[in-house]
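Would you mind keeping the following structure in view while I ask a few things?
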């Protein structure tokens, strides 16, 4: 089992071994509670992990149960027409997989997510169960002050949890760790944009997702090693269309789905686990660290269908993404019952129609297990792009 | 023409109908009369500020529910789905899109004006996605009003507490932006006295509303909160903060108190008092109530009347008209944390309503296309069941999408529920 | 003499078509796929050879399509059914721009260009799936065979409304209609009208550009063709007699023929079907992380 | 001698039960649903009379239940199948506190209080509607009689995992697994398992209190009984009258009425043929 301390790699470690470790981490959902750092679970998309990290706790991104989990108990608790990630997250709670978690936070990303804190509080009274009220208005001059206040509230709640104050120094130190981590992630994505044959989307995904299961110091070690090995990787070029993938900001598509797409296309950029890369530049380490973090949420951040920002129209963000990634087509997906995703899917497809850019619309569920039909669609899409 | 100037004994229902028609008529002519139009929602809408700038108010939610009542929602929804909207998105949104695609023809025959301003609060995230649709269609930038709700079930932020002040400061800051936006649109400067005047009306309406809700604690219940209550709400949302609104509610208040005095109930033979959780199915509103009232079951109260009453449930806090703007922010914040964001942690409130209204049962209505209302109902029911011995019923349909109403299935469940209540009454009788 | 075979391995039937160099159909064959598609495909191919009176070596190129397209070891290439349908239809009706394919488990709408190339396509969303199957279920419920549906429905005087998108709810609707004594033909017709509505909605998603064509099983269902034409306001092109079901195989054969001609024109030899050099092999197979189980995971 | 009848008009079958004044079953009838529920009710009633050699005139009271309860033209009273299944289950197993009934339209879990009253019930939500028909889908996909499905499933060695809760996809998923080369019994067992899990979650909604009685035709399926016992962790009561439970309950309600001195409006008149 990987301890959250472990960072070092033997000289002879291969990229495959690094990926195997990441796979083991990425596919483990259990929080036993006997790890050295208490885990604070948070529901997608973004969470100010630095504050949790500085408290000596481990932020644990809740990413659903995937398609290996059997939902037995949660169906009795969640309405029929609600997305899979709410269902499976509740299941992981009810079946004891998350028993060791110290707390649960969701944010107002959508109405179902807001309910999760309530469900958690009713069923797991021993755990913190709260909403971190990140704002849906990020253009008002008053917003940074508000986020600052809400972060301070979180800081207080966590301090109570661990029984000691969380110092500015501690937060600043954590910010250093996270700045490096996001920088390493950006490097992974850069390499993939430049040469997708060198690093696949599934591999990138596993490398990033592993970070949600260990302390960031450890993850930085993994990413550094991986980057060093990727550079030396020898690959056969293949003739596949370059596409971007959208729709992985909250509920996660099964690995099979990403693989199915990659069988026929190069995914040169995506919004998978976008919360892990939410802050797009270094968080300044001078001044009040919490203020810096709050300000970064507004000034240096990515976009998603569940964050309103009049400065970041969804269509424009997609166009920029495709341009930067030199993508010729887009795969616009949405999770079943994900209202924000479905609304944006329509808006984006209208824009792509107008721009006459080929795109494929897919609907997925984290729990899906059959991919024949999807493969047929993706292959057809690739055939229509290649044989023109 | 307002209620006071009409002569003779007024009937609240007629008066309410007149006000709704007048409201729609005003919207029809708004632009030719050079009046600015705002699209706003029922939960968290800063309507007081808009009134101070004499905006005409469009409530797309109310348009959509009316399309349901008038049985055209099905066509509207199909239009929206033909346009590309998914079967899984809010049917209110799709009905509104359908209306846009029908040259803004409101089912009542009037025409809806396009917005000069659109406000979406964060109390329902679908509001925000909805406003994005208007942005794309009308080019009207959305003003997203972020009103922090409850953070957890036992959340307390009493007036004046640091937490309350922090949240209020945030809301007030956004109000100031909004005022700037309004001044820009209308070319008028903000008049605090006008705001204070509007707030005075709201205060009065809140006082009356609190009484009206309390009247239904009497046995028999004078009105059905899920039928009569809905029409009350429509009027008081549309006329919130106006003299006409106050007069309508006074009329309503007096009528109901007379009924109470006469010991008159909504149903001839009230056998079971029920609490309703969720929103109604407006395409089959009367049918749904009939399925309950035919068994002598009346909805004495509903959480719908707290969160859909536009924040009239302000936890007993009233506007301090001496400092209108600051007070508006404080009350809005409190209202949002008391009532408007409550469906996310509603178990305590429901249990309390069951007590206050001496209810025999609790009915959950899961809405196919509304995550805000329906996500955790089953869990909520589980919680209530395991702690309080009151019978609960869980049924599913939709707000206005006729495709999700299955009469036989609903009747089966509701009949069974009343058989449960009968057996229980029988045993208690022994 | 170039001969090209197309094999369409579908979930219920496996179909094959053989074309000669003039794109003329030499032979066809059909079998139930059962749940051993590979076997069915081999048998259908043998039938095809027998019907054409040629030996395996005399077939220049074998292209497969349908969900079992990878399960045929003697293929030269596999192409998806959408690409095949599009080309086949376009070869019959060059002016067709939008194709509708109603299957048991899904509805497909395809927009194509003047050369039969797929420009855009959409499949029904999950909750509207099984609509074709729903029609069969309803028929079964009423004691009709799938073949009866069309003629039976044509007798309907006033079809009921079947509003549910979901086939399960729709079934309850049907039961309720029956219980209230509605005539079966009106129920079937109602189901057909509903299905047609959903199909046209999907066609709108890809632009609804005329002319239109219908492919797949429903091409036999007069009532469905009627309902669609009503919705669209214009009649749909239907594949030539008998080819409806064979469309996919026909398209595969056509593409195979094109490919074979290209290869031979370039003076490249085409290995006989079944010879190990014939079967396309993917260049490099990355690890399937989705099926990988780590030691840690295995132990814990 | 007076008799009472209980008629249960479901979506797939119509059942009838006749009781004498002592409440002993004197007649039974069951037919597959016809396209018209009203006529199906008539047919069952006639068979019931035929099986007992009685004439309609001697039926003092008739209670109708099931989805078609209002279509039973000669019914004196309609009671939902929830109450009737509870009543029937209690008659067969007096210590019953929870009833599970898997039907074609709906699956229900019913909680019974200490005085035999129904205190709570839960029915499948829409996306799991028609759970009972999962089995129908299987029998169609495998082209075998529904009665053969359970016994075959019992032979499973490596059950597959069926992930869909949607009846629409059951058939596809089954065919898919078979195409991948899984054995019939393993696929079937997987499917039984997914049904059992969903029914168990319904039972949990009303609170899992023993004894649990399993009613309805599906209770004839040994694999389903075994799996439910495994998932719920308690033994299940299964009566050999299981598919008549609703009708029996209806009959008992009819008896109550007779004993309370109420008599059929139709009593004495022949039922129209």
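Letters A, B, C and D mark the chains in the order given here, with residues in each chain numbered from 1 onward.
Keep in mind that, in the parts below, a residue touches a chain if its C-beta (ideal position, glycine included) is under 8 Å from a C-beta of that chain, and two chains touch if they have at least 3 such contacts.
As the structure is a computational prediction, the values presented were derived from the model and not from experiment.
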If a chain touches chain C and chain D alike, it appears here: A, B
B-D or A-D - the one linked by more C-beta pairs in contact: B-D
Centroid-based (C-alpha) most distant chain relative to chain D: A
Chain A-chain D separation of Cα centroids, rounded to whole Å: 47
Length of the line joining the C-alpha centres of chain B and chain D, rounded to whole Å: 41
Where chain A and chain C are represented by their mean Cα positions, the distance between them in whole Å: 38
Chain A, residues touching no fewer than two other chains: 76, 79-81, 336, 372
Residue numbers of chain B (touch at least two other chains): 84, 86, 88, 366, 368, 378, 382, 396, 404, 408-409
Chain D, residues touching no fewer than two other chains: 67, 105, 122, 125-126, 172, 205
Chain-level touch network, classified as line, ring, star, complete or other: complete
Residues of chain A that touch chain D when the two form their complex: 67, 70, 72-73, 75-76, 79-81, 367-370, 372
Chain A residues within the chain C interface of the complex: 1-2, 16, 19-20, 23-24, 27-28, 30, 200, 202-203, 206, 236, 238, 254-256, 259, 262, 336, 358, 361, 363, 365, 372-373, 376-377, 379-380, 383-384, 387-388
For the chain D and chain C complex, residues of the former touching the latter: 11, 35-38, 67-68, 71, 105, 126, 129-130, 133, 166-169, 171-172, 175, 178-179
Contact set on chain D toward chain B in their complex: 67, 78-83, 105-106, 113, 115, 117-123, 125-126, 205-207
Residues of chain C that touch chain A when the two form their complex: 67, 79-83, 106, 117-123, 125-126, 283-284, 286-290, 292, 294-297, 300
